[in-house]
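Each of the two complexes below includes chain A, the first together with chain B, the second together with chain C.
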Partner chain A sequence: MAELTLPRPTGRRPFHVGLALALLGTVLFALVLARQPALEGPQATALEQLLLWHSLLPRAATALLAGAALGLSGALLQRVLRNPIADPSTLGIAAGAQLALTLALAFAPALLAVSREGTAFAGGILAVALVLAMSWRRGFEPVTVVIAGMTLSLMAGAMSAALILARGDYVFSLFIWGAGALHQQNWQPALLVGTRLALGAGAALLLLRPLELMTLDDAAARSLGMAVQGMRLVLIALAVWLAASVVSQVGVIGFVGLAAPAFARLGGARRPGAVLLAAPLIGALMLWITDSLVQLTASSGGDLIPTGAAVGLLGGPLLLWLLPRLPASPARPPMATGHARRLRRPGRALALLAAGAVLIGALALLAGRDLDGWALATGPVLAELAVFRVPRIVAAAAAGGLLGAAGAIMQRLTGNPLAGPEVLGVSAGAGVGLALALTLSPAPSAALLLAASAGGALGALALVLLMAAWTGFAAERLLLSGIALGCTALALLSAVFAAGGPGSFRLLAWMSGSTDRVGAHEAWMLAACALVLLLPVAVLGRWLDILPLGAGVSAALGVPVGASQLALTLLAALMTGVAAFFVGPLSLVGLIGPHLARLTGFASGRSFVFASALIGAGVLLLADWLARMLAFPYQLPTGLLAALVGGPYLIWLLQRGEPRHG
Partner chain B sequence: MVDGAHPAPAGALWSVRGAAFAVGERAILGPLTLDLPAGRVYGLIGPNGSGKSTLLKMMARQLAPGSGELRFDGRPLGAWSGRAFAREVAYMPQFLPASDGINVRELVSLGRYPWHGALGRFSPEDEARVEAAIQRAGLAPFRERAVDSLSGGERQRAWLALMLAQGARCLLLDEPTSALDIAHQMEVLAILRELGGEGPDGGAMTVIVILHDINLAARTCDALLALRGGRLLAHGPCHEIMEPERLRAIYGLDMGVMAHPVSGTPMSYVL
Partner chain C sequence: MRPGPGLSRRALLAAPLVLLAPGARAEGTALRVATIDWALLETLLGMGITPVAAAELVLFREVAVEPPVPPSVVDIGLRGAPNFEALRLTRPSLIFSSNYYAEMEPTLRLIAPVETLSIYRTGDPPFGRAEAAAERIGVVTGREEAARALIARVSAQIAAERQNLASHAGRPMLVLNLGDSRHFRVFGADSLFGEVLTRLGLANAWGERTSYAASAPIGLEALARFPDAFLVILRPVPPDAARVLSTSALWNALPNVRDRRFAVLDSVDPFGGLPAAARFARLLGAALRAEGEAAGRGGDLG
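Our next item is the complex of A and B:
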């Protein structure tokens, strides 16, 4: 399994770098202290003392201890799963814990009074159990584990967003907390995290021998007399506990758990013991330095961005920088559906799919609920309702079609069945474009927002593909750059949320993907976009057949590799940007469409993309209808509903995939 | 004809002039000068890391030489357009990529891309060429089978059929037999051997193939090119290369040579 193979520095350099970092942290903290406004009056000294002892020092201590706990948690998970990209955020632990806390706050506040930490732990352990159950059949293969974790994180994030939307300001503060703000009023969080860290470190020390054995593969470890699965469960529970205690106190702080062990290895730590010692130290310094920087850039009104988001901002580029140093794995992951059946007549199947989509559309137009119950709209009632229903139906169908096609093109482009607009951070990139337009322009027009969304998606996809091309299109790297980009984009979005204002509420509504604000004008604009963007696929089918075979074969057959990739990338990014503008970044339609199309047996590039588009349209139409009907007279966000329906399906697909190595 | 310090002899299909490739400071392939006439089967042999794959990739335009020049049919490789070159030269990489769900006929059809391009019609001639290639590779019973479900040898032959459908004059193959058992190795090599005597339009086809097994190489090829440490150690008909002294220089091992008891071709063995 993939391990980071990094150049190993010799001599005392790592030690010196660590010392320099510690020094940097101290200097920054001194600056933070020096920047405190001088108070006046007779009580000034006492107040300054109070501030120092009850705000600044506990904050620094919390940053150090939480960073260390996350570093240890990440190091344990990476070792136990033999997965260099495992950490509390990529495994969905943080998102699960956060969702549990949000749910508890909204529905059972008493639970939080009993134990915040217990609630977070339950959420985290449930998330990791789900993720591992999904990837069990594939032997915890790193990419599958992370895909499952990311999907779960997205779903949990969508649910949290929906809750905040439904409950308004009451839970809104949670979002800022969720982005990892480190403000402190007392020593209690620091103490709590500190004791957990001490206990966790002690346990890790006791289990050092088994941890060293885990370097080998399972069979070898078992032959040396270790109860591998039992030990693995114990260690995972330990790591989740550490992460959950951090989440319960300061919210989600991603990346520290991922980056700290990677840095430890980069610095020359080789044996598990050394990594387990170095990772918490590095994690502590990372979070401390970031938090000091956040405080230094803070305006009088408060921090510019929550520390957790800032770590994400720093961590994304960091992960991108680490990527080329990951070893390439020549083997591509097996296609999730194994040897799928093939269709004899794809043309006829396409027609059937189109008929199905139209049927769902007709159902969505005609059937509905009114105050008396279910009713079929006919005659004048239909004419009245059509004004409201037709735009939504058109928008949902077009957006679903675009996302399905974009996902299919991305999978062909990368030769990777796990690629999709959501996983590769392209949708989140669209969000950044949208956020930019919302913050920079006081009253942005729909066209401007649409253009900004498409531009953001294009930037994100170009960046991901650039990284992938630079590192040779290996599945892990492509995925990792997507994750890194998505995290950076979400960190940026969190910063916008934290700033508050009407823009942030609009952005939140966008994130959960509600289509109820779509007017007739926008709907037809979207439909026109869909038509214009889907037509070129008909003539680019040959490229879609050849490119998945890799750059080498494509070039040998005379395909202009660079130009064709660029053209298809542009197309996919535009599709994603336009569609995500209407249904948000989380719908997962871009993954579900292509998977269902492959499962149905569409093999040739052209029919595959069109089938995926039709399936995407059908799924989103259905989700939109359900979103209107389920909680009538209230409306649920369409994108969220699609994610909630599609996520479990996708996870099921993943876990029923053929086990590796027979 | 080519002008320059070393004009290529008339009729050389390939001429390599001082081509070299390096990664950083480390030279992978030394400056190499070489002329290969058309219509023969050439075996590229040599120990691991001798630069065989690098040379083949340079010929296939997968790698650009760091210095020097390669010419095909008298024209520098850079002067060929992508599709025009693909109509002349077909290349099979060492590791065959996974082909998601497509069947043998569809895979082989991809070989016609250099002829019809992204937008052109798939003509009856394309159809006929694909069918002929499938027949030639002995894959007729597997026409509708998914490529990923084939055995290693059948998969290799499917990719060979793709190259044949390409209608190229020259085939470049990087260890086409590495994953195969001896029977399947013989199957693939027999096809290559036959192709050496004929081309798509009756003319002779040129095959350049990397092989690890020196005895199989001697059996299959007209001439052998021996590389070691990025330099061309020997180049000549098989019986000239298959000598104890030469083999020791190539592999750094004491080796003996004897005649095949039946066919009389030279066979080597480790002493």
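Our next item is the complex of A and C:
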């Protein structure tokens, strides 16, 4: 079972560590109180009292209670899903809740007046349902669940970004929620989270026996008289409720739910009851200490970094640290061997796919809307519009092709059907590079932005490769390193968003994924990159055929396992990094392309990758055309549109699944 | 109705006629300008020039409100992602852009020559730059007299408000937006509002620098540091925030709120041009003159 294997501590260490943490928290809070600026004026004393009672104390209480609620939520999820890396952030619950609040603010503000908490809960439940649906076929295997959760979080983030862009500065409070801020002006949030925590803890106490039985496998638990699935649903709903109540009051606070149970287990808690007791306490202290540090580093112009983002920065390193301690999953039958159907003439099918992509490209070039309605461009009008349409078409096709190919390589490498190129962390790295350029330079040129994004992507790539090499290139380790890096990068980005300003709007445009800034120069550069990166696949086909058979077989067949994995990872990451600059961090094209290619029956490594690339190109071409047409003259973000159109289809595909392919 | 805005509206109504008049064609072609930037859109409209295309008009009408945009202006979509094809179809002969959109300039140049006028640059006070932008627009469109008229009109309006507000001279003000019931952002001395305050003879209570005219979101409790300031709250006020704050002990105990030393102003574009400056001065003047009347409404922000 997926239980952490941690060194067993001796003696009374856990108690001492807890005491030390509590002491640290108290000292920091005393410093916060002492550092309050003295007020002036006749009512200064009364005001200072008021601030203490209505701002400082409720803030501390909210930090403690929210931390405890998240800790409990994480502990419950980890127990129920038998997944040591589950928590409200990795499962996409926080992102789903936040997206629901964002949508409500933009389209139905009255809903927020009725119930912020209910809105957030609906979003969280929907998110967790989607994540579980996507990972159903893989038996809720930890890494797969987390990949699905992170993909969903990215998607929710892209949607929020698009909404903020469309509503302008107008909704700057959305930034605050995204990064989780604990400022308070009354006791109401503390009371709300506190009562939910009390109810949740009571329920957990009542359900302690079923929770203990959850350690067993389902059959054993059922034989002891437990309605396993029903109990699981109840407990998941409870965990989502706890997390949603926190999100509705203070925004997204990442990874406390991941860290608290892990630290509890590290501190020696073994039985479910002990973990369920220790995790909330540790979570409370963690958030309290972080928030005090945030207050101590704040200038009079506001916090340096919002508390939620500060805690979120912990997420990446923590996942990395947990990584070598994750048990290796039981060996799976390699996914590439058995195919439901196999094309007899893959060459001809590839040609058909290429023709299809060209056809969509032609449609995108010729058909469009002008100020009066639909129009087919011909002659001089076409020549005039081609200046704008050709670069976008070339960029969409090249980026789609690159993402499709990268996804195909990733799936062959990891044997995981959810391993899209987005989870490599490379695109998030590109975002951090962009953020840096936008923060440091007031009016960066396109070339500078491209260079910064490439630098960020390469930096992230180097880190992922380093971590993967350190853990020996096991597929799961590679995926988790990518996710860990992505988490840290996203926390950094949310801190940049929280500060607002013109730079953050450019970054939002990138987040939501848009091809509209591609000039002719960039488009042809991207096309050249695509060719250079796709051509090596033609000679790497053998590796792609053999590697999925496992390290032993591969070595016996004369494939240099380590070197080939390194080369393929590098190739996939470069493809992702280049494409990400143009279409943003998430488009799901890297997942949709390979799935459709497999369904069509492309079996050999080479034809599989090329087919995925062609399908990816076609999908992104179509998405880009729709993005330009649907709300003309307003343009929708291409990447987001591809994700919205492709997402439901992908979930349906994964649900339907072919058991033999996992 | 005060003379200022009336004049601007008259000028605006006259603008199409001016374009049709033979005099306007002195330079050979009709004036067909487009703009991506909102501050420049305001300035153009304020000068009586109706552009053929401008960006994100749906939100502009909500946030900037004035000058009103004639229906003939084609909306070319989001400022951050304008539709180049739609812009091309309006056949502009000159496109105005600013530093925010530097990245898309090469593409814009495929459509028409681009004139980049940046009013907002980190650390640079915007009012003088807004006047310079109007002058430059006057030069490139051959409408220098309209530019001079706009600059003079806005100066005169602000000077008139200053006269009206003589009894408030030197009064500390805090201009802010509410994000939710717990956060606000404040406009510093380097913002358009900050400069208008100075020109009105008022003081900006926010002495610190801000990173981009407005500050990052700040916790509401920071307001307690400014018990003497008059709070100028710009709409939109989120409905959620208005509801929670009206019952909040901290909010209602703030000396400014308790003594009704605050006003809620209609939306003004914080990154606007000269017309936004005039609008802010007018709304603020009216609010300060009506200060006494707000009594009895409590901390209600409705």
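Here are some notes:
Note that the second predicted complex is superposed on the first by the 579 of 662 C-alpha atoms of A that agree within 3 Å, B and C clash if a C-alpha of one lies under 4 Å from a C-alpha of the other, contacts with A are read in each partner's own complex, and residues count from 1 in each chain.
In the analysis below, a residue touches a chain if its C-beta (ideal position, glycine included) is under 8 Å from a C-beta of that chain, and two chains touch if they have at least 3 such contacts.
Note that this is a predicted model, so its numbers are computed, not measured.
With both structures placed on the common chain, the touch criterion links A:Ala34 to neither chain B nor chain C. In the overlay built on the shared chain, the residue A:His183 is in contact with chain C alone; chain B does not reach it. Counting the residues of chain A that each partner touches, chain B and chain C differ, and the larger count belongs to C.
When the two complexes are overlaid on their common chain A, residue A:Leu50 makes contact with chain C while staying clear of chain B.
Once the two complexes are laid over each other on the shared chain, residue contacts for A:Glu384 go to chain C alone; chain B is not touched.
Contacts of A:Ser445 after superposition on the shared chain: chain C is touched, whereas chain B is not. In the superposed pair of complexes, A:Leu112 makes contact with chain C only, with no contact to chain B. No residue of chain A touches both chain B in one complex and chain C in the other. On the chain A side of its complex with chain C, the touching residues are 37, 39-41, 43-44, 46-47, 50-51, 54-56, 105, 109-110, 112-113, 116, 165-170, 172-173, 175-177, 181, 183-186, 188, 300-303, 368, 370-371, 384-385, 387-389, 442-446, 449, 498-502, 505-506, 508-509, 514, 516-517, 519, 521, 628, 632-635, 637. Residue ranges of chain A in contact with chain B, taken from their complex: 330, 332, 334-335, 339-340, 342, 415, 417, 539-540, 542-543, 545-546, 548-550, 552-553, 555-560, 564, 598, 601, 603-604.
Per the touch definition, chain B reaches chain A in the complex via residues 60-62, 81-87, 90-93, 95, 97-103, 106, 110-111, 113-114, 117-119, 146, 148-149, 166.
Put simply, chain C touches chain A in their complex at residues 56, 59, 62-63, 74-78, 80-81, 83-86, 88-90, 99-100, 102-104, 106-107, 110, 118, 120-122, 177, 179-183, 185, 208-212, 214-222, 224-225, 227-228, 236, 238-240, 243-245, 248-251, 253-255, 270.
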